[in-house]
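Going in written order, the chains are labelled A, B, C, D and E, and every chain counts its residues from 1.
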Amino acid sequence: SSDRESGGGGEGGGAAQSGGTMVFGATGDPAMLDPAFGSDGETFRVSRQIFEGLLGNELGGTDPVPELAEDWEVSEDGLEYTFNLQQGVQFHDGTQFNAEAVCFNFDRWYNFEGLATSPSASYYYQAVFGGFASTPDTPSIYQSCEATDENTAVIRLTQVTSKFPAALALPAFSIQSPTALQEYDADNLSGAEDALTYPEYALEHPTGTGPFRFESWDRGNGRVTLVRNEEYWGEPALLDELIIRTIPDGNTRRQELQAGSIDGYDFVAPADYQSLQDEGLQVLVRDPFNILYLGFNGGNVPGTSANPALQDPRVRQAIAHAIDRDTIVSSLLPEGAEAAIEFMPPTVDGYAEDVTTYDHDPDRARQLLQEAGAEGTTLRFYYPTEVSRPYLPDPAAMFQVISQNLTDAGFTIEPVALPWNPDYLNAVQSGQADIHLLGWTGDYNDAYNFIGTFFAEASNNQASAEFGAFSAPEIFQALARADQEPDAATRTRLYQEANRLIMDYLPGVPISHSPPALVVAENVSGLEPSPLTAEVFSTVSISE
Amino acid sequence: MSIEALPPEGALRTDVPVLEVEDLSVTFARRGEQPTRAVDGVSFSVAAGETVGLVGESGCGKSVTSLAVMGLLPRRGVQVGGSVRLGGTELLGAPDRTLRRLRGAEMAMVFQDPLSSLNPTVPIGTQVTEVLVEHRDMGKKEAATEAAELLDRVGIPDPTRRLKEYPHQLSGGMRQRALIAMALACSPRLLIADEPTTALDVTIQAQILELLRELVVDSGTALVMITHDLGVVAGLCDRVHVMYAGKVIETADRHDLFARPRQPYTGGLLASVPRLDAGRGIPLTPIRGSARDAIPWAEGCAFAPRCDNAQDDCLTEVAGSTVPLEYDGPGRELRCRHPLTHPSSTAGATSSGSTASGAGR
Amino acid sequence: MLRFIVRRLLQLVPILLGLSVLLFAWLRALPGGPAQAALGERATPEAIARYNELFGLDQPIWVQYLRFLGRAVQLDFGTSSRTGRTVTTEFLERMPGTVELTLFAMVFAIGVGIPLGYLAARRHGSWLDSGAVIGSLLGVAIPVFFLAYLLRLLFAVELGWLPGSGRQEVRIDATHITNFYVLDGLLTREWDAAWDALLHLVLPGIALGTIPLAIIVRITRASVLDVVNEDYVRTANAKGLSADTVRRRHVIRNALLPVSTTIGLQTGLLLSGAVLTETVFAFGGVGSAIYDAIFTRDFAVLQGFILMLAVVYVLVNLLVDISYGLLDPRVRVR
Amino acid sequence: MTAMGDVRRQRIDELAARAGQVPEGEGGVSLVRSAFRRLRRNPVAILGAVIVVVFLFVAAFAPWLAPRDPLAQTLLSEVRPGFIPGAQEGFPLGADQLGRDLLSRLIYGSRQSLLIGVVSTVLGAVVGMALGVLAGAFGGWVDTVVMRFIDIILSIPSLLMAISISVLLGQNQYALMIAIAVTQVPVFARLLRGSMLAQRGSDYVLAARALGVKRGRIVFGHVLPNSLSPVIVQGTLSLATAIIEAAALSFLGLGDPDIARPEWGAMLSTAQDFLSVRPELAVWPALCIIVVALGFTLLGESLREALDPKFRR
Amino acid sequence: MTRAGEPLLQVQGLQVHFPIKRGVFVDRTVGHVRAVDGVDLAIDRGTTYGLVGESGCGKSTLGRAVLRLVEPTAGQVLFDGTDVASLRGEALRTMRRRMQMVFQDPLGSLDPRQDVESLLSEPLRAHGLGGGRAGIATRVRELLDAVGLPTAALRRYPHEFSGGQRQRIGIARAISLEPDLLIADEPVSALDVSVQAQVVNLLEELQQRLGLTYLVIAHDLAVVRHISDVVGVMYLGSLVEQAPSGALYDEPLHPYTRALMSAVPVPDPVVEERRERILLAGDLPSPADPPSGCRFHTRCPWRQETRCDDEVPVLRELAPGHLVSCHWAEEIRDGALQPRSAEEVAATQGVSVRATGVEAIESDALVQGLDEPIERR
């Protein structure tokens, strides 16, 4: 059967017409090219073309679908997953893809040592699986991987989690060539003084099974070149070549597309949607799969001092009533954006229609504030600079409008602006802000990926520092129960319950779900926008 | 001198004075400012082998006169009137090309400050040879040999080495010699020296003056010597023109002038200079005020405010009429209504200073 | 001359030492310190402690400094936290672009500035003069990034004559040997690549070159105005030299002396100061690398780049001094 | 003697008496005053001064001149992505991307921009001059140490320096001012030192020493005041540079964190995102920056000319 | 304070050497400019001592060293019995009150920002003289009167005056402290002849009126002779001859003085024509590297094979008050030795004579460029 498959691949390669070269404008260079160490969008944008995981995402959707695994079964207790693998798949270096390769990758992650175990290296592994073999103190939900035969891999977990297996669609869990990983010393992260040095594998030899092969990375010119994988096991890519070019400045990206130097770009400013369309360019709007919120500081992070007024639910409610979400959505966010009533988008299972809502009502806000005796409360309002996120295209504008709303309701705002990464994230996640703007784009379709990330119980019975380590046992319990519930319907109900609890408690104000967009030139076809911002370019073609 | 160096309109004539300046006037008119007349109706002539001195205090228009003769005044904002003829050829209004051909070849000039007058970034050699190349059609090599000879002639030791040096490597005296060498490169018929020794020490000044003296004697060059040092004039010039506020106010042969100055101004100048051969304590009798105190010639005699002989007719009632320059005995001209009188004897020349009617302080 | 060069090179030592202290202190003084700077999105205090231990950041400060210095002497400035490659590699990869850009900008500024300044001086008071003066004032007053947009809007988007960003058309598959793209194109005889790389220099080069252009125009003009009034120019005219000789040998030569100093200073500034232009034109040089480093808090890169740029800057100025010595015999040093 | 003669005689006496007297006229014209006079006659200077004065006036009286509250997002509800309300009744230049009156923001913006320019220049000048005085007055090893320090600062390109400082001090308008000020320090220090060293060698300083004037008085009473003119010129030019540099820092995202507070640089850099929608949003603040910078530069250049001893009579 | 017999100022073995520095980190001294190299002189009260010599021979430096405006390297300056060289701080400042200076460049020596009133009252205030505001005001008017300037000048600034008037202001300032000694460093050489005479007259008049003692420095021999009682001739940092002015003119003994004297043009054609001229060869040698033996031997028309090149001549008194430092002074006076022409001297000496001012200024373009107002971005 493998003969047939590879023959087919060869045929496909021969039959594919010359699809030309596409140049796509990205906002930054990838950090490196080994997705196991990646956590940022630009790294994943490249990874997704080179690599595939056991699962992938539904084209244009958020649901996990089989990719390198043809299908899978879960044991009754939800702890054992059996994956039946695609046959006749080869890595770009010619290595055969099989169950051993799969287990090699799982074992690789589990056995990371030293610097590879630092959060800056293997963030997603730690977020999904917890600890490593080398860190017995931190429990890991991964137990083992077994290649029961050439095409069957069995993965055992120590604990049930709703994240699994959906999380396997994340590029971080792409299956990479064991030969190449070994040959190029993939796990050998070294570090001098204050930075990680990546091994040769991650810089020069990423080897996967995907529709494109890595060709070159020209850092000086900010260009990653991928070429079609002629041996691809599935439908081969139409493009001969895909070049991902770094253009940090949004205006430059737009002008370059207008000038025809690039064929498309990501992070389109909402203001430009219309004018780009008028020029005949295609603006591809993704379905919103994100949440923007204004986080409050619960005031329990040691070593920080939040405004104590925020402990008072009435003050929190006042803030929620002060914000004019409808105007924000209509004026600052692209068409298709929605005001949010809870901390996850409606398309995710577990969304509750009937949570407590807080309408725009400045008078009510003032009244609540008065009741709480907190008129004129000064709030340190953190917002990020130099960044455009799918859920927050223009942080400065958002900040200004919300801050004006709050001022109108009787608050005093003390603005703090910090560059996004790492300053802003560090400050906000260590509980330094009174209120802050942040959001989240779902990694896969799972409620826990949203509200669990925000409000699950961390150490010493408190929520994460981002929300000021507030303590709400009923929310924690509800989330934990839901996460460990193997039955899907029950789980959904439990998550809905959790959402209601959260919106009653009001640890922050959910603001909006915003549809980010890509734009491509007129002659580009076949690019399917993905709500996860996980576009795959193999279906894209470009005409003269 | 080669034929090519001559202007095409015809050879410079030798039967006329080398330089004739007639009624030369120069007016500076800067935008937004009152026009100033720096030189006002100056006339003089210089014959071959003759040395003519222009003396006067600072700012009286000596340099402007010389620059006007050379055609070196800036075009913009300057009006030059009158006539300047070199060997019979009119220079005022002559095209730039003609002037350039004459300058350096037929007439040359030596300036006051030898350092700033030399280009600091070009070797002395080049600055000398460029004249030769320009006017005498010499090749580089030939010019260099000739330049070395010139430097030797003006008394610069080791000329071949000096040719490669830059102005700042030369001493003041040598710089001035180098400038003179450049001026002499084409054996010009007219040499104008504008205070060539003012910046130099006396011992060096003596060397330079000796050089100029030899030059006039040996080659018959006509020399216009501009200076404010009456001593230099006394030793070098045949005829002397004393200038004040842009006009010549007295002209005389050297001996006459020093023996019997007629203009109170000339007298005053002579009485102001301490003399080496006069004893200690003989008081100087200076002119009062300074050159800034001149009145416009149009109101009469510019010197009147500082003059002790001034009478009411030194100011004219008709605006624009001035005290004229008039014949005052053989070879003399004078612009004064109340000149100094001298006892008829021309003997006691050495005491000429005391004959000036002493006043001042 | 050699003595002079050695002397100037030795003078670099205290500057670099002082600079390294300053930079080191700066890095330590930053809120959160290097650990926070390096650790990613959701770092815990434990992770930070682990990190500090790992990299010896728990040692006394002077031990840290000496170690830093020891490595800096060997041109080891650590590793970029963003790319994971050594700072030195990054620098060597980025510098050629900046050098190319700077050279282009200076060639533009000199090529246009000196003739324009000279003409303005010769036509002192004419409309050309006023135009040059006003233009040069505007050149300094206009924010570079705004100018960059205008230039690109006009020449890249509207007219489509010139590429608007990057160092080379990405679709061209050029071979890179030295990372000087124009040079590489010539070396490998990929003429189209060389030409394309050159075209990519035009717009950023012009944007970057405006300020030096403005300054050169003004200094040339002022300097020519000064020189034409010098005594030695009068002497040259008195010697009856042709107008051309006077201009070439006596006016321009001397007028260019102060200009040459400016050119050197400006080159030094450009080599290290192209942050804005490179960012706006997505030009892969040192400036855009620094920009990225700032916002990703890539301190190793910032520190290393600033130090190395300071060396470049001082070296350029040394070159200027030497060339000035060659141009002006008065300051020629024995 | 005629009557006419008498008059003339009198005139002669008058003239004679005046010869050697001090010149007539109002007199007592100090160099500063005479420089000022020359300045007044220079049309370029007047143009510069008018620009500067107009903007200072606008900044001072912004609350009275601005038709609206520059912070009020009055027209926000009309704003749509890709559409920003243009000029209309009560909004002569239209609104910005948050529905605020552009004209009012430009008017208020002059305050912040000029404030940043002035404060950072003054700060830079004061510190730089203090260093310069230290080096210029004491000479010797003090001079060496100060100048080496200055060399170190100078070897860091100014924008990088400003960036490093804003990174260090965090993002606020004081950090911005300090950052710009620091980049000005070496210029002022060198300038003043150079100028003081030149003055120190002059004869009048020697004369003061010979007269037994105390050292402090020589430095502060003679050397310093006479060394100031290049500093004043540089100060004026630096104002322009500071305003532009502030704009650049805003553009790089290192500006004032309270971006609601109108400031031209910040307005220009945010407007870059709306170039395709309403280019005027960028053009107006850019024009303001250019014109103010031009004003200061013109003034500075004419000051330089006016104070240049070459032009003194 | 009235030790009448004693000279007011006595200078003994005064040396001023300026180090020539060069170095990598720290400047090392690689040589010395011997600006003043062992000068002895004495000035009696109420008399004028005139100092002449070519440019660069150290006249100004000597004058400044007397006032301690430059530090002497060696030697003594006894002013009224006190060694000025040993004074420090306040004592020196007070002592300076009694010695004042008039400068060559009248404009440069006046602070352009001060008006005349402030210029004249500053020294009074610095020394606490004049007695209060009103006292100072009257004193200032007196001073103006003394130098022949109207009170209208008070409110004016130096640039508004003519050269001669500025020099008068300089003189008024110098005499404001009622000094005993006035050092005038080329007080008239920047002025026009007529103005020069006015200033010379003023100086003489003030001397008579105030009983001042003058040290007048000039390069113009005629001026020096005109106002001095005793004239000293300097060459390369040392005195070569000193004599009462009449004696010096009548019978210059040193070859250099003779040459100098013969070089001064006299405004009288008759004299000029008769005058014998002794031309000197070459220029003044560099004081950093002065010739051995007699400093003048490289240019001396009377140079002899013996002694001149290697033996330093001492200042000998040949006639009462007439000192000269020449090995062959008597022979020259008596006509026993004949001078050679400049060409001959130059030929025998070769061209080893290095001119002054050859020292290149080491220019740090980086430093210098930045001292100008510049734009940086």
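One rule holds in what follows: contacts are C-beta pairs under 8 Å (C-beta built on N, C-alpha and C of every residue); 3 or more make two chains touch, one makes a residue touch a chain.
Since we're looking at a predicted model, the values are computed, not measured.
Where touching is counted per the definition, the chains common to chain C and chain E are B, D. The minimal number of chain-to-chain contact steps leading from chain D to chain E is 1. Look at the CA centroids: the one farthest from the centroid of chain E belongs to A. For the pairs B-C and B-D, the count of C-beta pairs in contact is higher at B-C. A straight line joining the Cα centres of chain A and chain C is 39 Å long.
Taking the mean of the C-alpha atoms as each chain's centre, chain A and chain E sit 87 Å apart.
Chain A and chain D have Cα centroids lying 49 Å from one another. A separation of 91 Å divides the Cα centre of chain A from that of chain B.
Residue positions 148, 164-165, 198, 360, 368, 370, 374-377 of chain E each touch two or more of the other chains.
Counting only residues that touch two or more partner chains, chain D has 20-21, 23, 158-159, 170, 244, 248, 253, 272, 275. Residue numbers of chain A whose C-beta contacts span two or more other chains: 251, 386, 419.
The touching residues of chain D, when paired with chain B in their complex, are 1, 4-6, 8-9, 11-12, 15-16, 18-21, 23, 41. Within the complex formed with chain E, the chain B residues making contact are 57-58, 157-158, 168-174, 201-207, 209-210, 228-235, 254-255, 258, 268-280, 282-288, 290-292, 349-350, 352, 360-361. Chain D meets chain A in the complex at residues 71-73, 76-77, 79-84, 97-99, 170-171, 253, 257-260, 270, 272-277. Note for the complex: chain A touches chain C at residues 21, 23, 28-29, 31-32, 39, 115, 118-120, 123, 191-198, 202-203, 218-223, 225, 243, 245-249, 251-252, 255-256, 258-261, 386, 419-423, 425-426, 429.
The residues of chain C lying in touch with chain D in their complex are 14-15, 18-19, 22, 26, 29-31, 137-138, 140-146, 149, 153, 269, 272-273, 275-276, 279, 290-291, 294-295, 297, 302, 306, 309-310, 313-314.
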